[in-house]
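Just so it is clear, A, B, C and D label the chains in written order, and each chain counts residues from 1 on its own.
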């Protein structure tokens, strides 16, 4: 046969789960978006429509809700429970990847909450033998109003950009960091501290390029958090252009900016601890 | 002639302005989305393409940026300055409405900020004689995990909804409140306090319907803030359905919920101070 | 009492209904997004949480699905059936507004379809006595690559825009047209023809301003479709800026454009048939 | 040093380019969204902020516009020109990936167009030696109203899904197909035919699972288009649930459906021609 099935996977995307923990005095709320992705011996359903090896995506959704009955706990643990379950109990499934986004709610009263910005994420992959745990943040929007330069860059015939020694640096951070071990730990503290270091490094780095800031962010996280082996960052450069007010006989000493939508720069990079297994792009 | 021009208006939508105030020790950042809408004697451009009375939308954008050079201050004041300018200096323009959304940034260092949830809004309308100032919030997402009932409703042959004495109540508040006077005041404090009362009333009301919560929110704002004459609220009822876990031989005592996207309830209402001029829907 | 309930309404938003008509040889598909909005004697639920007069939004959703069992037909008729039902059978409800968006599917085989651009809309309002039927389109994206000028406009100290005698004119049309009568008719043909005239007028008008094009579009629809009394148009001016290629020693004779997202112009206007009752903004 | 830079890349995302070809009698319009991504010897900017090897993303944008001056032609050719230019003229850049989305416009008059659904895409990667050309479609929304079954699947304790022999099958196709050769050819015809075969296979396959349909789509494209070596498909299963009308004493013989947003199934797979180099996930 000259045409064959290549890499494939399937699952249930974006199962929205809200769990309420009803303490005597006050409630806790956990608000998740769960995506499960399975792969394994799935040739039959592709080639002949024989579904004997297919665990329905509807079942995957049910499993998410049923597992939440016992409590969700930290999302890394919940994702691991799910990933292990799918591989360990479904004969045809040899690999599961569970991605969870957790939305942030801030308490305003015993049973009342206000949704905050910031999304905490995890991606746990399990192949029947070993698990990989990645934690992260998404859509963390930050801005430095000074302390950012960009000059000395390569110029060619299409370069018109002026060099600058003072610009606004604004981005929406997506960061994912891989844990050296998948053993259960205090994922919550690890996440809080890694996030704090990301933000500190963003704020504290006098930047000559967004790449430099990216590396500084990843480096500080790895230096401060020995449990982490690798950090990957995706940083859109959300351009803020100084408005030319000279037609109105006004100067503009770094005060009035136009915030552009598109196009935007996109800076992506990985910072790795030496000696740790280098997963490269594979764990993405 | 048997066909004629009716109501019309035009303007520049979503001018994105970021202003940095560079204090000696630290910066302040103001992040706005400004929409200007003008109306007046504009028949000529519609009927013959004679644009002598049309102030270009590009000019409206320029004006937003040029006015920001002197400082933005509170958005209600900035919107008023703009609205008055367009009407007072353009002979054909008899009414201007300026809508501003302000995004929230929280300081993390002297020149560094993280974007927070929550949008503060204003809509100022000026007709050459009087101004109306409306302030508000948008996309303020709140949730009560208990203290919400819904029963005793009208039932007809298409009603299948079960009555409940304990449900999740979640919504994304859009609220707009009209000030009794357009005279300059401490708009910032008024906004902060009105928002606080909205949230307090949402959290503190034992709810028999989202309508009741809506009214309680508007009433508390008006009771506590004498400078306000009217509050309008638009509250999507973001349904959280208790998942039936009985197929898995599990109970679900108010703990595991599916957060649905669509359809959603939409509850809209106005709360008015007696004696204040009743703008009805007109100020929307 | 010094604080009171003002205007209010409630309903179920965005009920997604797909109906399949299973003909012997081939199927027809109707894909709708239905929003029902009710108002009437609803003070009790706001003031005391007494829901005796509240038809649940869940029931409204059920009604949409149940009514679809008999067939949907044309959306104007379906919206009318729903609006009349809610007012006629619920004692407290005195006004219903039903808004339907219909997505376009093109047949590719007997039971297979491909989704096309373009949304057909209707908004039917019924108050127990009379119905108003509005039909329309949304997100109809059109572009003229020439035949558009903009000059002779009002200039003030903030005007920098160059006059032009040849620009791209691009917009995403939202149009709503009110029928003179709510009596059942061939809504489908009326819609098809009104849409055709809108597009013809957009393409066929040598434009001196987008306002002129707007009026021409409304006028042609009213001239050609006597069953219509009023057309309202909302036309974002999606700016296409000629890119300055002179730094690269290239000219740019109207060929290479940057399509901007924000800000954009927003031109809104109404064209009315004389003698017809002038609903002004009221039917919006 | 114990921490180091890993994989990294950067570029300009979503440069919106519209090109008008002004024929004597009529115009052609090309509407693109271009993303350029470069990688190479970029350690210095990350580690020290030395930007000597960095071609600014602003320059990448300028290059897109400047190259469009000579004409865009087919997007595969345009992407190749850009990718080769960046690698061939920037000493530090060893790999360029250019992704282009092309929006569809249908002519309504000589200089007038209406935007249609459907996005044609290409991703060209060039490493200084060889180029890889991938073409594709995105957001191609299709539906079969019958001819789709799903049964015989694996059942565990969390399975509640009923088996069905007649369901709606709806999806939004993203497909990417890799060309065996990067040599210039009639990309347009190849794209049109590949897309036609995708749709034909979707419509013509009696489906026992969406995976089976996926494979059939990829297989038909490869069988009919010898210039292609591999097809990758990502198919969200947009669930349409039959509404239970029995509470209203109505049956529902496959006619009235609720179209759900989330969660959705997500079926992804690759179909490969044997003997062709198997790029696996690498070309994604």
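Note that in this section a contact is a pair of C-beta atoms (placed from the backbone, for glycine too) under 8 Å apart; a residue touches a chain by one contact, two chains touch by 3 or more.
No experiment lies behind these values; they were computed from the predicted model shown.
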Would you pick out the chains that touch chain A and also touch chain D? B, C
Taking each chain's C-alpha mean as its centre, the one farthest from chain A: C
Taking the mean of the CA coordinates per chain, how far is chain B from chain C in Å? 23
From the mean C-alpha coordinate of chain B to that of chain D, what's the distance rounded to whole Å? 38
Chain centres from averaged Cα atoms put chain C and chain D apart, in whole Å, by 31
Overlap residues in chain A, where contacts from two or more other chains coincide: 16, 62, 66, 158, 160, 247-248, 261-262
Under the stated contact criterion, what part of chain A meets chain B in this complex? 16-22, 27, 29, 31, 62, 65-66, 68-69, 105, 108-109, 111-117, 140-147, 168, 199, 202-204, 240, 243, 245, 247-248, 250, 252-261
Please output the residues of chain B touching chain D within their complex, sorted ascending. 157-158, 160, 247-248, 261-262
Where on chain C is chain B touching in the complex? 1-16, 35, 37, 42, 45-59, 61-63, 66, 89-90, 92, 150-156, 158-161, 207-209, 211-212, 214-215, 218-219, 222-223, 230, 232, 236-237, 262-275, 278, 280-281
